[in-house]
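The two complexes that follow have subunit A in common; it is paired with subunit B in the first and with subunit C in the second.
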Partner chain A sequence: MSGERAEKSPRPENQTSVFVKRKRTFTLAFLAVAALFVISALVTDYNVIAGFESIPKAVVWIVKNLVPDERAWSRLPNILAKLAETALLSVAVTVCAAVCAFFFGLLGTRTTKINPWIGRGVRIVASFFRNVPDVVWAILLLFSFGQNILTGFFALFFVTFGLLTRTFIETIDEVSADCVEALQATGATYMQTVFQGIIPSSIAEIISWILYMIETNIRSSTLIGVLTATGIGYLFDLYYKRLDYGSASLVVVSIVVLVIAIELVSNQIRKVIM
Partner chain B sequence: MSELAVPVTGSLSLDLHKHMKKNRGGKIKIGAQSKSGPAVKMTLLVLLGLTIFGFLTFDYKGIDFAGAVSATMNNVQVVFGQPHLKYNTLPGAMHGLLVTFALGVLSTIIGASIALFGALLCARNIANARVATLVKGFVAFIRAVPTILWVLIFAVAAGLGSVAAVVGLSFHSAAYLIKAYSESFEEMDSGTIEALKASGASYWQIVFQAVLPASISYMTAWTFLRFEINFANAIAMGAAAGAGGIGYDLFMAGSFYFDLRELGFITYIVVAAVILLEIVATKVKAKVR
Partner chain C sequence: MPILEFQKVSKSYDSKSKALTDVSFAVEEGEFVSIIGPSGSGKSTILRCINRLVDATQGAIVFDGQDITRANKKEIRQIRKKTGMIFQHYNLVDRLSVVENVLHGRLGHKSAMAGVVGYYTEQEKEQAFQIIAKLGLTEQAYKRCDELSGGQKQRVGIARSIMQGPRLILCDEPIASLDPNSSKVIMDHLRNINQTMDITCIFNLHQVDVAIKYSKRIIGLTLGRIVYDGPPDQLDKATIYEIYQSNEGELITDVG
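So, the complex of A and B:
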């Protein structure tokens, strides 16, 4: 409406009107966000003041209680064993999901799909696995696999598979459209196109995504561990519920060290291969 | 560049020999030679090795794998094939969805507001280098702790419920968005900032007239991505940390009533909501760009 008025006005468009327009858009956006905030706070019963008050309280509590004590250090071997298991689990999940997602994704890309219907089907399947929350998979698998490492493995696998299928499809479409066309023009077979064209041109991107997913999966597996009573998440939950905060803090610190170490190694690898 | 420009027609054949690699059979090796090749191979081999080592050392507790898989298939069929509502009602589930949505909105808005200032403190092109390093380290630490642990830690101070969930989720969001925002600030053209500085613009003028307008589309895209993540996390917090919402409904259906069909119905609601969200986010992102 305001745009119409500006067009009809005899004043020629000058610089001030740009700034006024920008200011108006900014104010509208700000008001919309503020309204959304207030409505959401009402819906969830969220007390803004209590929220801000809880931060200093939590910091004081963390400094006082989340300090590894004597008892915690005696549990270190146990914690480290679970931590190693979690790290290996997230690597294994990500690698398996990546291999499956790559070959499944090939059927869904614009350049390498076999026919449009299969391509569409692949995208729908990937969207399904991506959007069903890992919590649902964890609850579902708990019925059949029980408190087993495989519960976490499959719950993470399905979500990672869905996510990586989408990203691999996008990566392949982005990176290798030209080289696929060139290879097909020279009469290369489908497998030759994949192994000589697509994999070499997109492998750096793919590794980068795999490294990112490994890091994400360590965090997700903590959550699934809390939910299904397995792995490092269970260990934290156990100490936390027993009010053994010293040991719980050692679990947190060990996860932080692991995640940051993985991040540093990943960044180093990315620097070399990209 | 200049080396390439020198004409070397005389030594062309010699050069060709130097660069042409042959294998033992005398055939010319094809395939690109690159520095990153060995690194890629090493990374893949290490990952593969860790995977195999992991599978060999996991404690499977002697599970009956075939039985478990067939039971899973059966359960999947029940969950997705015969959804119904028994303990919950459709309005109840919708309210749960609304609460989860609101949790996601709150934590994204709080996280983004903190991140806006945090990112200004740690973008290398506009901030003090020492402060930037400090903030970046602190933020990396916050990001490394899983969201669920933050929520549980805040729950001790604030009690289980929406306050702990929102503060915990916001904490992680802020750290994530500080990294994303500051990276998009760093990508901006350094000439603009220099020109504004030279013309005597103040710090806030530079921020509001150059830095924010240049990176607003990136920031919107990242914020929406984070909102999608927060929505998913809010579901998880409902299930694992008693934060309420549809996640709690999921947990009750699956782990309290043991009703797979109800779990299926709520899952369908969640999936529909997430896909709807994705469509809206794509539209908004396209508009901002």
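So, the complex of A and C:
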């Protein structure tokens, strides 16, 4: 028996083997990515070797210019004040946007939508707000509000509102479809179902998303501040244009520290509420 | 007068196929009825037509003397108040405690605002704890529902539906996700409720043996039509094969 070849098990006939298919897909994908790389390198005149060679030079420049000096440290109180302003703004924006997004999102979910057309409309509006970049919002709003903290507020508000509406719709559908059915079956009203069923079952995910958006908004508000001449972004822009690279980099470092700190705190909060 | 009557009820979800075709039956107050049939035969649709989670396309459904297919939004809530529902996946708010989930049964009876903020009277809380004790969940009353076992969750589901003070309880596959021990506990509780509180119970069941053992009447459904309606002792093998459209020896109930 041992010398004999084992008999082949039957396999589907007249169909390409799954294994062959997988290999083919993988090879094609690899070739496509390689081709894309070569084409874009040619179009943009990108030289791979020169690119990597310039890294050490960049490091030297960074060390020479971007390490905060005496003068930069003396500006720390000013930087921290602006940083606090930016952080508070982004908390305010995120919370306002989240409340609006939650109730707007209710109209867009499968489980709680009032009618399918409104549901579709809600999702289109949310996508629109989200897919216009915050910088574009800021530039557009500059015309109406000028260089003002409100401009930054609304620019961040629109994007946060759009993004949170989309995610809340998905969260609500995922988490609370079952209990919504049950509460409706007891004769509860729409608002009772929302407050007794949807909010308790999705609040942890919602808070988690709000925390994430606060982090994101602190980062984005830096760039928007450059445009609207407010907050930490303005300070960065000011130092940078004065060629005071040390101070500018202290601004960046302080933002990074703040974002990391908020991330750590958020993770702790998430652990507690989940 | 029957508490519930289906009169030539049809339902189609799309223009091509019908989920229910001319379904007619009547249920007397206090009955314990099981509906059996293969997946997709329309069992869930029947139950959901009764509390208007699904709207029948044709025919009339008379519940407690009222044609519910014509009910407006406010009347639908009144009907739902009188009908409890128990689900295969329990459908509890997992992050809330047992007693809060049980109190949800009162939402239909409360003013809109009191329900929104979750304000319950001392009397309602007392009643909730009483029902919880009856179902043997006192120890778990303050626990979050995601800490419970499947059988315990389903008991919370039953408690919630009793809390409504219903005339009728609809049970949609109540034991389909439970092990045999918990299944027996759940079925015994439901039979007990049916007998002591005189609440009419309508079941969807996959387990033919359970249906035969517990119910006094079985309705067999195939492709949206009723093919059997009678007591369990007259439900012979041939009829079961007809309901499930299969041949002898092909069903799990044939074992043993």
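Methods note: the second predicted complex is superposed on the first by the 240 of 274 C-alpha atoms of A that agree within 3 Å, B and C clash if a C-alpha of one lies under 4 Å from a C-alpha of the other, contacts with A are read in each partner's own complex, and residues count from 1 in each chain.
As a convention for this text, a residue touches a chain if its C-beta (ideal position, glycine included) is under 8 Å from a C-beta of that chain, and two chains touch if they have at least 3 such contacts.
Everything numeric here is computed off the predicted structure, so don't read it as measured data.
**Q** Tell me which partner A:37 touches in the superposition: subunit B (first), subunit C (second), both or neither.
**A** first
**Q** Looking at subunit A, does subunit C or subunit B touch more of its residues?
**A** B
**Q** If we overlay the two complexes on their shared chain A, which of subunit B and subunit C does A:203 touch? Say first, second, both or neither.
**A** Both subunit B and subunit C are touched by A:203.
**Q** A:252 contacts which: subunit B (first), subunit C (second), both, neither?
**A** first
**Q** Tell me the contact category for A:118 with respect to subunit B and subunit C: first, second, both or neither.
**A** In the superposition, A:118 touches no partner, neither subunit B nor subunit C.
**Q** Under the contact definition given at the top, report the residues of subunit A touching subunit B in one complex and subunit C in the other.
**A** The overlap between the subunit B and subunit C interfaces on subunit A comprises residues 196, 200, 203-204.
**Q** Provide the residue numbers of subunit C that touch subunit A in the complex, in ascending order.
**A** 51, 53, 77-81, 83-85, 87, 89-96, 104-105, 107-110, 112, 115-118, 157, 160-161, 164
**Q** Could you pull out which subunit A residues touch subunit B in their complex?
**A** 22, 33, 36-37, 39-41, 43-47, 50-51, 54-55, 57-58, 61-62, 66, 85, 88-89, 91-92, 95-96, 127-128, 131-136, 139-146, 148-150, 154, 196, 200, 203-204, 207, 210, 218-220, 222-223, 226-227, 233, 236-237, 240, 252, 255-256, 259-260, 263, 269, 272-274
**Q** Show which residues of subunit A lie in contact with subunit C when the two form their complex.
**A** For subunit A paired with subunit C, touching residues are 176, 178-179, 181-189, 191-192, 194-197, 200-201, 203-204.
**Q** Touching subunit A in the complex: which residues of subunit B?
**A** 31-32, 35-36, 39-40, 43-44, 47-48, 50-51, 53-55, 57-61, 63, 65, 68-69, 71-72, 74-76, 79, 98-99, 101-103, 105-106, 109-110, 140-141, 143-149, 152-154, 156-158, 161-164, 166-167, 213, 232, 235-236, 239-240, 244-245, 247, 250-251, 254-255, 258, 260, 263, 267, 270-271, 274-275, 278
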